[in-house]
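Listed next: structures, encoded as structure tokens.
In the two assemblies presented below, chain A is common to both, partnered first by chain B and then by chain C.
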Partner chain A sequence: MSNQNNPLELLETTDDVEPTTRSERWRVWIDLWILTPLQIMWKDRRTRYGSLIILLYFMVGTVGVRLVSPATQNEGPAYVQPFDFEYTHMVYGYEVWQFPLGTNGFGEDIFAQTIHATPAMLQMMLAGGVFTAFVGAVVGIVAGYKRGTTERILMTAADIQIAIPGLPLLIVLAMALQPRSPIVVGLILGITSWAGLARALHSQVLALRSESYVEASRLMGFGSFPIMRDDLIPNIMPFIMINFMNAAIGIIHLSVGLYFLGVLPFTTDNWGVMINFAYNHGALLSWAGLPWLLAPIFAISLLGYGITIFSQGMDRLFNPRVRARHATTMDDSDEPDPMQ
Partner chain B sequence: MSGTTEENVDSESPRSVRSEGNTILEVRDATVSFEMERGESRVLNGVDLSVERDEVLGIVGESGSGKSMLANALLDAVVDPGKTSGSVRYFPPDGRDPIDVLELNDDELRTFRWEEISIVFQGAMSSFNPTMKIRDHFAETIDAHDADPEECIERAYDLLSELYLDADRVLDSYPHELSGGMQQRTLIALSLILEPDVLVMDEPTAALDLLMQRSIISLLDRLQREYDLTLVFITHDLPLVAHLADRIAVMYAFELAEIGPAEEIITNAAHPYTRMLLGSTPNLDAPVDEMRVIEGSSPDPVAPPTGCRYHPRCPISRDICAESSPEFEDVSAEHQAACFFHEEASDAVTYPIGEDNDAIETEGSSTSSRDYGEPILSLDDVTVEFEGDQSILDLFDEPEYVRAVDDVSLDVHEDDVVALVGESGCGKTTLGKTIIGVHRPESGNVTYRGQDIWEARDSHREAEISFSEIRGALQMIHQDPGSSLNPNKRVIHSLRKPLKKSQPDLERVEQERRIMAMLEYVGMSPPEDYANRYPHQLSGGEKQRVALIRALLMNPDVILADEAISALDVSLRVEMMELLLDLQGRFNTSFVFISHDLSNARYLAEKADGRIAVMYLGEIVEIGTVEQIIHDPQHPYTQALRWATPDLNPRNESEESPIRAIDIPDPKDPPSGCRFHTRCPEAREICRQVHPTNISTNGSEVACFRADPDHDYWDSPSIVNEESDDDETSMSTLD
Partner chain C sequence: MNYYVKRVLQSLFTIWAVLTITFVLIRWMPGGPLDYLMAQFVQGNLGPSGTGVDTQERIAAFERMAEVYINFDPTAPLYVQYFEYVGDVLTGNLGRSIWYQQPVEEVLFPAIPWTVFIGAVAIFISFISRVIVGAALAYKEGSKLDIGGTTLLIWGHSIPFYVVAILLLYTFGYQFGWFPVSGRYNPDPPAGLNWPFIAGILHHAALPMVALAWASFGAGAIAMRANAIQILGEDYLRAAKLRGITSKRITLLYVARNAILPMYTQMLIQVGFIFSGSIILEMVFEYRGVGWYMFQAIQNNDYPLMMGCFLLITVTIAIAMLVADLTYGLVDPRVRRGESSESF
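Right after this comes the complex of A and B.
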């Protein structure tokens, strides 16, 4: 190849552009990837409340457990009703309820139990969600982009996983492994949900891989990994994130169901275990036991609600149009007519 | 103003006489607006227009000029949340009271829409329900309007055969079984089934090939006269309606800019915008040097410019243009333009049409003697096949193959331009991608500077020129600007990628400097601003430029431009082609330019001193210099393409169609002998049996027996007037 016709050599003569400095680049990067997303999240009601709820659970799981001492048996009489002023204690000079949500049949503080169940639930949720999203994404994207034998093997594996009934498989696995760590429980529960995500992503990637810009990258000589990283994943990230959120909620519901059924071994405090005990001690039959049943149910529902509205608002965060409009380092005045 | 124009005004056809009693549709102050986050978007702004009975009114505008909104407003069919205001009045032909279209309730509208006015949209495929047979579509329409089924079906048969369709076959087909052109014609028949008086057509041919486009225009012309129709024909393509329309209205920025008799608009346009548009439209006759570019871009409907909306781009604008918006002023009795200075426009903005330019057509043909050195890329008897669709029932049969490219040889030289022209489905994209080593041919060789590309790929490092080097040297610009850039990456990121490949050890600052210089060079300034944008913040033309830079930064030898300008507005095409030519000259890059449009191919090839190759059903039927292909085409198919290319000169009256069948044969089962014989006006018995090989005639190559004066062809009996039993769509009787 002759070098005299190299456009890059030719251009140096026409060049008097100020290069951007490193600090300038950092400023743009921070604006684009941190400030702008936060601003968009705050502007949308769903992501605002969703993230506040998620943050609340995170705080409870990290700070809350240090402030509230764990529940012990017979720390009060059985079935104390919520907000009962007969049982108070002093916190930093203020007189507050000793059992804000009452006590259960064993005289344990329901509030403390609910709080102390949070870290395990969050760990389980995170482990299961990450496992599902990661395995699902890798299998789906690789199968969709690589085609051929790779695609056939990966998709067959996913199909087998989809074809096996999920609940019996989980029960068998739980019985056999008797997982105690919440993270392991999360991973086991994630086994049933990755295949569906892989299938859905596979079809999305099939459509994306024939886009012109993907072909252009191929023509430049880029390999599979850079193309998947730069051209495919950013464009299906919203889909992956929403599935990650849904998988996380699914893991919580599954685990609570399995704990309630007594399939998973009872270890630490756990919302599912609480419901199980409440049910078995006749909480459905008397008003006095109702807080015991409702507190964990409410905790699960609120977390589920928070994650759901958060993930609904997420697609705005990934939309480059919305991102560009909020970025301060970007002039958006001549955006073409959106009617087109 | 010349004397001919005065005559034109006087000798106008009786159909376009304006009198109050002859108006069929009257639009007053029609405005369509959408509420958006950024403010109110007025996509149609105070349009006044009357449509005369039995006329053909062409409405011309670039994309985003509001022409489709006008069509929808005529039928009160603007989609929610758009709001239509103003008035649209329809005067029924039988003397009933005028109907105020915007005041009709839903039931009345439903009746009105098919029986009085009907509309044909651009995408025929999405206008049909894919799960219903065509017959059911007709039945459904007839049923919904309580029309007499027998009478209507009879009319359907008439209309379909009028449009050169086999009525029985079409009615019993599902939409997907028909080609795009057949669907569009069926849709026209369907829209006429209830005998409307007005037919509104919104870009009815934009998605079709030139030959099909031109054929449909001829058919429409006939239908219009036969059925006393009033046609409102909306298009972005001025030359296309030039011969069909009686009057032409030009839209710019959601307003009417000019309206007048077609011939006068073409030869003597009064509005500067119309004149610029005419001057920037590539066509076959005008000399390429006189085509020019419209600066700037169309305005935003939320914040249009004050005063005259064209003034930021207008070469003769003055202070008053920015302050107040011009009313319609009479240029002649029939011809109005919304411009304060329309009298000066003809001197300030010239365009070659209407002037005498016969002399230019006979320029010297020194181009054929160009000396080519060693080819960069060379194709030798290349054949590319695709496996056809198979259902589960033919699991054990031999798979069916479609030959997309059949036995093609072609050389691409240094600093060369080869334009591939042909109808859709003729294999030009497949051939293009084979040239740059994307598709692997079933047989034949593709060599890059003497190195077989696919051998290099298979043998990895042993080859003389490694595959990765070849890969980098052969780049491509895609057709659709919308998908040519990663929507999630900023321009700078997309442009850094090729540099990482072609010059991996370049420093980041240096990379950036080169990208900025390149952006500046293609006219995207300030470059820092453009570099930080996301693709959605660029216009179509700007996206294509970024794609072009991305290809060039690889420092390639050959760039394949696959219909790279077809998706752009007419006024931007010349600009983009100029840029391609400029960069070609500067960087010594060869272009393989794929186009379905002969006039674009001619523009590029003529300026770059390149060649045009005409493809038909997987074969190159003729290849030669611009001079040979445009001015002296040998192959009947090239002649047909030349006929189909709309030209603006009103003196070149449309001759009769040179092809015998409108529709392309099934590429899965191509005709025997010469593949064009089923449509060729010169076909003889021998064409059906013997496949012609390429014959060289002074520099060009033609795959037709007619190029050889001593061939057996001349003794063979003609098959043109033969009654063929299965060829119902024959056009031999077309006047």
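Right after this comes the complex of A and C.
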């Protein structure tokens, strides 16, 4: 075949002869599922800034950790203040601060510590968020659609889980299991948050299951699983996604709290571990300890803020009522949208 | 079935489930209470030791000791252990603290008022401030104040309250020295109903209260703003204005009343949150309440005390949620019996 000899020819023929080739279909798919949503996201102030903040953390967690070497004890004097030009080093020919955010009481670079805490936190958030969203969705959808005994059992389980206070349960579990991998920590932290989502989804599915199109699918003889997959899940997916993000914020706060309490083993760098060391090793005693305390706090709150505004913006995009209002203000343009 | 009966039964079921979970954790947790007690016993830290004691006597002593500390004898059949444990807990016997060498309830119960005191005032502060801030933002919806205020609230909500606690302690406790950095009261004035003593208590409690109030402030104010905005657009408000009712009356009787109602359940659920949130809060301020004892129990591997705290916190939350559900119908006349099963 000549195709194997000349790749250009292959491209030409496929493009000319069949309009819906694989590459064409890919292009349509990319346009429909990636470019258009990105464009819509970019239009809204909240999703724009939210996604930029999340992207920043993602870059720090993947590329940043390779650029900044991990902190070591006594690499500088204790309590160097931020942006101190006394301590500089050369990076690619530029003279920059050696300790951009100063050093802590052990002479460790605070900036490097903050950076290197990011990957584990992202893994934790992802594992915990996916766990929460998955378990919550499965329990909520099945309970709402199946009704009867299944519903009663699943919802009672969710009610009990809601009634058991999260933090004390996690402390007891963390003491018992002593999880070391960030992913396992994330999964354990997710245990406390699936029930709320399951309960909310349950009532949504209860409303959806009597819609005419679901009724039609049932009369046409589709099984439970295809109906849940094709008729129910697309409708509640936005809600699940937003809850996934809220769960991720919850995981950040819980993990930082548990690391701060010292209940989880200190296997990885974590912002909570940094706060714990700052609290227990004298950072509170003088103003010089402020950067040691503020750096992890800022990292936590910026990530939480980014995810919150992103999920609020997504809510606007997904929520048909909000979208309709959005569209009318865009058309009439006599009433400016406060968020634009 | 009557809604109230159903709801009470559900709560009882929850409490039973929690008791069972606690039993399972005590009995089988690897490195948990039973293993720990055994290790302590083998090392001779607890129970009879020395050369004169034979094995039979030691085993008997261990069984007696397990009975005292964790409320059941691990060598008995499983169901007997379970019923012994549940029976003891239900009659108010929570076991014996290894660290304090006192019954758990004697260690824990005197700490409860301190935690409740901080929590109750914090909830009150948080409730008032979020109603005011939320309503103010709602009245100015779309203005610079609203956008800036909402941004600040979301930002504030992304900072966990215990981090706020540390910052408050750092700034106002250690650096400015305006508030004490640990403890519950001043040791000098005689305990009792005299002003110096009470002032000391308030002085010590101020920072923890503010930090705890923070926990529910951000999200609460945003929710209040949303409630108020929704109500401001209702038809009955326009009708009230047209009827010539003064705007002060409208604000108080129509807007405030309806916007605050949904926050009532939220507030009662926070009563339960006081206890679980107190673990980190009281550790930061070294404030000897229920949470501080739980933290100490974790540090010292004092499992009976830890499980006692866990049970106390859980049961409190179950009761608070029950009260929230049962009384919501009284507060909000729109909710009819049997329809309010999903108020949270």
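Going forward, the second predicted complex is superposed on the first by the 285 of 340 C-alpha atoms of A that agree within 3 Å, B and C clash if a C-alpha of one lies under 4 Å from a C-alpha of the other, contacts with A are read in each partner's own complex, and residues count from 1 in each chain.
We adopt the following convention: a contact is a pair of C-beta atoms (placed from the backbone, for glycine too) under 8 Å apart; a residue touches a chain by one contact, two chains touch by 3 or more.
In this text the structure is predicted, and so the values were computed from the model without any measurement.
Visitor: Quick one: is A:168 in contact with chain B, with chain C, with both, or with neither? Answer first, second, both or neither.
Guide: After superposition on chain A, A:168 lies in contact with chain C alone.
Visitor: Per the contact definition in the header, classify A:284: touching chain B only (first), chain C only (second), both, or neither.
Guide: So A:284 only meets chain C here.
Visitor: Just chain B (first), just chain C (second), both, or neither: which does A:222 touch?
Guide: In the superposition, A:222 contacts chain B only.
Visitor: In the overlay, answer first, second, both or neither for which of chain B and chain C A:160 touches.
Guide: Touch status of A:160: second partner only.
Visitor: Scan A:253 for contacts with chain B and chain C and give back first, second, both or neither.
Guide: A:253: touches chain C, not chain B.
Visitor: Of the partners chain B and chain C, which touch A:204 in the superposed model: first, second, both, neither?
Guide: Neither: A:204 stays clear of chain B and chain C.
Visitor: Across the two complexes, find the residues of chain A that touch chain B and also touch chain C.
Guide: The answer is residues 338 of chain A.
Visitor: Which residues, counting only chain A, touch chain C once they are in their complex?
Guide: 156, 159-160, 162-169, 171-172, 175-176, 199, 203, 249, 253, 256-257, 260-263, 275, 279, 283-287, 289-290, 293, 297, 300-305, 308-309, 312, 338
Visitor: Across the complex, what residues on chain B touch chain A?
Guide: Residues of chain B touching chain A: 34, 36, 41, 43, 63-64, 298, 300-301, 436, 438, 468-469, 471-476, 478-480, 483-489, 494, 497-499, 501-503, 509, 512-514, 516-518, 520-521, 527-529, 532-539, 547, 550-555, 557, 583, 586-589.
Visitor: Can you list the chain A residues touching chain B in their complex?
Guide: 1, 5-8, 10-12, 14-15, 17-20, 28, 211-213, 215-217, 219-222, 230-231, 234-235, 320-321, 323-324, 329-332, 334-340
Visitor: Within the complex, which stretch of chain C touches chain A?
Guide: Listed in rising order, the residues are 10-11, 13-14, 17-18, 21, 25, 29-32, 141-142, 146-147, 154-155, 157-160, 162-163, 166-167, 169-170, 173-175, 272-273, 275-277, 279-280, 283-284, 294-295, 298-299, 306-307, 309-310, 313-314, 317-318, 321, 342, 344.
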